[in-house]
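Following: one structure in structure tokens, then a few remarks.
Read from first to last, the chains carry the letters A, B, C and D; within each, the first residue is number 1.
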Amino acid sequence: MNSKRVNIAYIGGGSVNFGWKLLSDLANEEICATVYLYDTDKQLSLANEVIGNKFRENPDTRSDIIYLAVDTAEEALRNADFVILAFSQGSIDEMVSELSLPESYGIYQSTGEHTGPSGIIRALKILPVYINYTELIAELCPDAWVINISNPMSVCLKLMYEIFPEIKLFGSTNELYPTLDLLSGTASREYNTENVRRRDFKFNLLGISGFCWFDELTYRGEDFFPVFRKYAEKYYETGFEFKPNEYRTSPFASANKIKFDLFLRYGLIPAVSDRLAADFCPPWYLKSPKTIQSWKFSQTTVNYIKKIRLDRLSRMKSLMNGDEYLRVGSGMSDCALQIKALLGQGNLITNICSLNTGQIDNMPPGSIVQTNALICSNSVRPVTAGRLPDEILALTLRHTLNHSVIIRSVMERDLDIAFNAFLNDPLMTAELNEATALYREMLTAVRTHLLYYC
Amino acid sequence: MNSKRVNIAYIGGGSVNFGWKLLSDLANEEICATVYLYDTDKQLSLANEVIGNKFRENPDTRSDIIYLAVDTAEEALRNADFVILAFSQGSIDEMVSELSLPESYGIYQSTGEHTGPSGIIRALKILPVYINYTELIAELCPDAWVINISNPMSVCLKLMYEIFPEIKLFGSTNELYPTLDLLSGTASREYNTENVRRRDFKFNLLGISGFCWFDELTYRGEDFFPVFRKYAEKYYETGFEFKPNEYRTSPFASANKIKFDLFLRYGLIPAVSDRLAADFCPPWYLKSPKTIQSWKFSQTTVNYIKKIRLDRLSRMKSLMNGDEYLRVGSGMSDCALQIKALLGQGNLITNICSLNTGQIDNMPPGSIVQTNALICSNSVRPVTAGRLPDEILALTLRHTLNHSVIIRSVMERDLDIAFNAFLNDPLMTAELNEATALYREMLTAVRTHLLYYC
Amino acid sequence: MNSKRVNIAYIGGGSVNFGWKLLSDLANEEICATVYLYDTDKQLSLANEVIGNKFRENPDTRSDIIYLAVDTAEEALRNADFVILAFSQGSIDEMVSELSLPESYGIYQSTGEHTGPSGIIRALKILPVYINYTELIAELCPDAWVINISNPMSVCLKLMYEIFPEIKLFGSTNELYPTLDLLSGTASREYNTENVRRRDFKFNLLGISGFCWFDELTYRGEDFFPVFRKYAEKYYETGFEFKPNEYRTSPFASANKIKFDLFLRYGLIPAVSDRLAADFCPPWYLKSPKTIQSWKFSQTTVNYIKKIRLDRLSRMKSLMNGDEYLRVGSGMSDCALQIKALLGQGNLITNICSLNTGQIDNMPPGSIVQTNALICSNSVRPVTAGRLPDEILALTLRHTLNHSVIIRSVMERDLDIAFNAFLNDPLMTAELNEATALYREMLTAVRTHLLYYC
Amino acid sequence: MNSKRVNIAYIGGGSVNFGWKLLSDLANEEICATVYLYDTDKQLSLANEVIGNKFRENPDTRSDIIYLAVDTAEEALRNADFVILAFSQGSIDEMVSELSLPESYGIYQSTGEHTGPSGIIRALKILPVYINYTELIAELCPDAWVINISNPMSVCLKLMYEIFPEIKLFGSTNELYPTLDLLSGTASREYNTENVRRRDFKFNLLGISGFCWFDELTYRGEDFFPVFRKYAEKYYETGFEFKPNEYRTSPFASANKIKFDLFLRYGLIPAVSDRLAADFCPPWYLKSPKTIQSWKFSQTTVNYIKKIRLDRLSRMKSLMNGDEYLRVGSGMSDCALQIKALLGQGNLITNICSLNTGQIDNMPPGSIVQTNALICSNSVRPVTAGRLPDEILALTLRHTLNHSVIIRSVMERDLDIAFNAFLNDPLMTAELNEATALYREMLTAVRTHLLYYC
């Protein structure tokens, strides 16, 4: 273990979702650190301080980490070696307006996390907060590695690069896991074995956060495209799922029909879940509730999110009391591995979101893209990933250009500019008057987060 | 006058529309040429031979031109110094299916000439014919200047560059005239003068054929943007037109409301008619017949086209008999001026469509763009036109990428590829199944033109 | 004439060389202006005030211009509509050291104006002054058109773009005139006519200031390359000159052997004089005095410059007294025409130096290049000029990259950085120790101009 | 071990230098293959067949490889899965002319392998042979991975990409080993330990074959630049070497003074030996024998090469007789590891030469560059390596542009074109007439290899 103790600032450190995964994964690596937890809700970060420090008693723990909840972001950021940005802006109740208002205009979204009317409004809400954090980073820890987790990923990254061009920054997502699990399931069935691990798959990845693709994929050294084609063709109509009808109960399940459709039309395998992919396309899969049903996937429901959150808050108490323990290593995030590699403990091939400097040849320079990268001591270098096919590029670039428009809207504090991104979103099929009305209603619903623009 | 007689091949030389404009404009310039007229309908090219040669008796004529109708494209092209490609593929009756089938799926188009379901089907019909002509040009007159007039302009040009990269080619359109006339009308009213000519306006132009923009515009040396803004703001709701309600009778009239809307949102002045602009956007202006009506413009109707054509065919007889004469100089095309400049008679600043080699900085290299160009002896050089704003770039690139997909569909003789362009068109708001059905119906309706793909 | 009186700031306004050409050319155009003359030597600018205002009495004068010598650059620049930067830094005596020191190390230069050890030292001397002027322009007349005349052209422009990216700037040179005169002479002899004017030649131009090329050239609409090739091949050994041996008496004459050599090897016609071209190449033409003699051109001598200057200062008195008058229209600079076109009086095709935004496809974005441009009302747009052949690109890029290194040296106030440009210059053939010694000696010789770097 | 037996074609398979390293390294990896040895000298490939097959008796051997010498390149290439190109063209005696003729014109080279008059003549000799092999590969094994070893690396690769754009090709060099050994020596001394291995160093690499650089370098996770700077400054004058004066006896030894000089001037650490670096620069280090001596490195001498070769040929007999054995694993080439990774046995980070598709941002697309790459099953993806500093870029681009000129010379079978590359080489300081004479003499000396151009 690198014996030097490093400082990690975790903004959004009271999280009961990603937060626990991160705590668990950090415990699994030989990292010596102090993690400063900052959250607008101090109660939650204090809880995670307690939960995190319990790992020190766990014999499986490989790390030497002290958790400390702090009162201000400044305290967390000062002299940080690493910064993790993983927070959301606004309450769960606000999500109701974000998802239901568009539906009243006939616009359906599956997640609204990156794109669609909701994705754009969320960007406008969260980006002023990012301006603040970026300025603090430039002042308090300009040499720190910054790892962004929050969505909408691409605009958050783009804004930070714009404000502080020297920032050492990348985005880390867990978007690929569901697809890797589907691929593992496919391999299990195909080769009739239980013994399939995610790392048996090697791939080339290219695209943007929430909408990225495999154009090379091997399983234990063998090309996996022929196998995937076989399943795509066989299950195109019915879908392919492990637990039939699960997609009816959990919004995160699907029958993978969208992945099969996109693969059969474009030749590349979508690396993300059906629900994410649907949000980035024209309303092929989201035209109406009936369309959604026919593609066998689900929209995120606010009720589901609320239920999950309540479950977690109650579990928090058990974890604090020691009635229950988080296990060492959740395997649900690459973040801990990425920190370890940056500390010089070996080469890591991982996928990240970053500024395009040539890794995707036909995406504009300066856009935010997702590809594999080589991480080693204090160095993050995207791997060249080739070119997107023109068909996929067309779908992708309109989001990328929307990102630029949204950033300009924020930098110029002018919400009229972002309206053109709103209009250009592929899910926006309303006519001009209705789009104008919807935009105003949605802005009004979250106006307490928009004071920056006044 | 350059005393050397040059050979001009005019493919589509039986035209009673563009053809007469060209004959008239050629008569107005000091050009010494033999024009070989080729048309699939020999009767029409013979008629134009007669009509064209009558200019020799007209004292206003400045040219020394002999017209000759020929039986084959080969005869026209052999040893040509200039080639004019200006023809359409398919009958007027076929246009019925092209325009009405999408409407049965709720998709309305205003012209269908470049984009939309119709534009894509038209591309698939005409491009095999372009392959043939390009191969003939490469063989029979590889050093000729080729001027394309036919639509869909961008894909026709792109295909020719792809097949014969050394081709000396550009596209010439008359798309700007209606806007220049609107601008002239505005200046007349603003300055209370009748004495306004198109050439009093100087501009920088950028975009693609059918969807291009002014980002600099002066009238007699003075910035005209403030004047245009005044009219746009004043007439945004009501529209601005010379002859009120004309747009109700002629499909080519409009109240310019779309131009005002796009200008006020994007800051650039659309250089094309409202009806063309509408076809390139999401269904903001074309969502339903009611939407179209509220924006005060009209769709092209097949009946109107038929009526115009019958009128012209009857006028043809008068022109052949000498009961009537075409006047020298229609002023409706830059083509004659462009030929004259290529022959070395002075520098010409004109606008053309051509391969992007840097003239628009943020359009991809190899895409087809429209900008100003400097034409002088045997040289065509686009003027650098800067960058499209991101909002307009987003609208433009999806068409540009569709062009690439359509070309690949043609080169690989695989109509499935073009379906992804069809799906990606901004007017395509149907869900996947319906889009598939529409595509098949439209292909079936024009199947006699699609033998190349079998 | 545009009736509005505009303000022109002329920095270096006491010039007895370019200054008189400009005064003469401005008198020839319908321009209504006040020209503020600023010079570090007020006596000289006062003299030019007198000389310039005498044009008002000349019946040939078309302009309405008032000349006014001012005490400070600020007075000249405040509210300027146009800024002309045309001054040199340092005395004629200093040129002795610049030209003779390198010769003591076996390095011969013909002009030392743009490149070579002298060109680099001159850049380091003049650029701090440019920083000052650029900051004044940004403050006092940010919307003015700035026309740079001073050398080294490329670095002066590059620095100004770097400091004030919004600047409306281009460079104007008279480098092409000698070559156009050679071409005119060639055409006269070939066609046995006296009636050849520069404007009978149309061309495409590409390269950098001091080292640019024609790849298309027509004379009255006909390709002139075959004629030039004939003369190049015939006169390759002997040279071709109008007044034999003139190159022995005037440093500005030559037998054009270098142009012929470069043309025959590369296929493009050098657009600049032999002496300029020689300075940009490896020591092919400048290896030793004997080499220079064999190529039949001359180096600039300080004695010659001194003599010319003394002649002009004595002529100044005659001009002030009215014993002699400058004629209207020197035809030795495009600057007056460029101002007129910017004022909206017609389109002008001219050649300029400007930031590469795509006009030369294979030069780096952001480098300074020279090409044709279209100038009309308040708009300057380079014409796309294609690509430099790889052989010429190799010679050109090392200067372009040297420009970047020199700019960084200035911005970081670190003369060690520029030493790497000094080492990379093609005329620098000394070994490392000697190059280091020469650099130090040259810096010492001009140390009074280098206080900025301390 | 991947149980499928693959076919490896080894062109130049009779090599007694690289050949033995490769045999030794292949024995060290779990690879199951048949290696077809082709050499123009069948005696040598037969010898290597015997030597290679002896590894099967060695208990340390991990591979399962059968060696087979074949009569023709076609036999080797047919159905190959991998092709190794590692041969030289021309005899050792010819090297005499290549190195001594330039010296008679005052031009000294250290290796002449990539650049300089010799490098260019070698390119012209070997490239016609590459045309032949590339056509055979396109015909007989178009899907094979081709690994090039021969020099001049960049032009060999560029030509193959040009002739067969779909080729799966990269270049593999051993140029970094001497520098890694210097770094290891430095680390040993600095940290007073023997236990330093090459793989303790991680780096980012960028440049071209023979002239590439580290801009990031860590030793066991710690930045090594401060240590290197300490040694560079301390030993700038005296040099730093393990065995003092070794550079006087072996041409491959040096005191690293050139590396220190380049590092101190440019800030990047040269990744290649002093002698290679010297060949790519202006004659800073090679101006005269005295200069060379003062920089404490040596030129390749033909006598030395002859002596080494004689030693090896005599050792060949011992190896065939079994009097001596090659050890398993020479550690002198990455080629065996690269093959293993392509077969799907893990991710490999290695450095390669390949077509620039964005891995070096400011090198032209389509140039040949050297960077790190990620190799895994059937996939080679360069890692993005950032930008070269302008100073180094200037030195590098003139070689890169020379490569393009040389390729055009070969494709057009016109040796006059390559003369401009010859003239543009930084070591070419002769004047034009002498350069012409030298070029002719050198071509005459190798005329038997230039029949292709006749």
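Everything below uses one rule, namely that a residue touches a chain if its C-beta (ideal position, glycine included) is under 8 Å from a C-beta of that chain, and two chains touch if they have at least 3 such contacts.
Just so you know, these numbers come straight off a predicted model, no measurement behind them.
Any chain touching subunit B that also touches subunit C would appear here, but none does. Among the other chains, the CA centroid farthest from that of subunit C is the one of A. A straight line joining the Cα centres of subunit A and subunit D is 43 Å long. Rounded to whole angstrom, the centroid-to-centroid distance between subunit B and subunit D, based on C-alpha atoms, equals 55 Å. Residue positions of subunit D touching 2 or more other chains: there are none.
The part of subunit B that touches subunit A in the complex is made up of residues 261, 265-266, 282-285, 287-288, 291, 362, 364, 390-391, 393-395, 397-398, 401-402, 404-405, 408, 419-421, 423-424, 428-429, 431-432, 435. Residue ranges on subunit B touching subunit C, taken from their complex, read 2, 202, 204, 216, 218, 220-223, 343-345, 347, 349, 357-359, 361, 372, 374, 376-379, 381-386.
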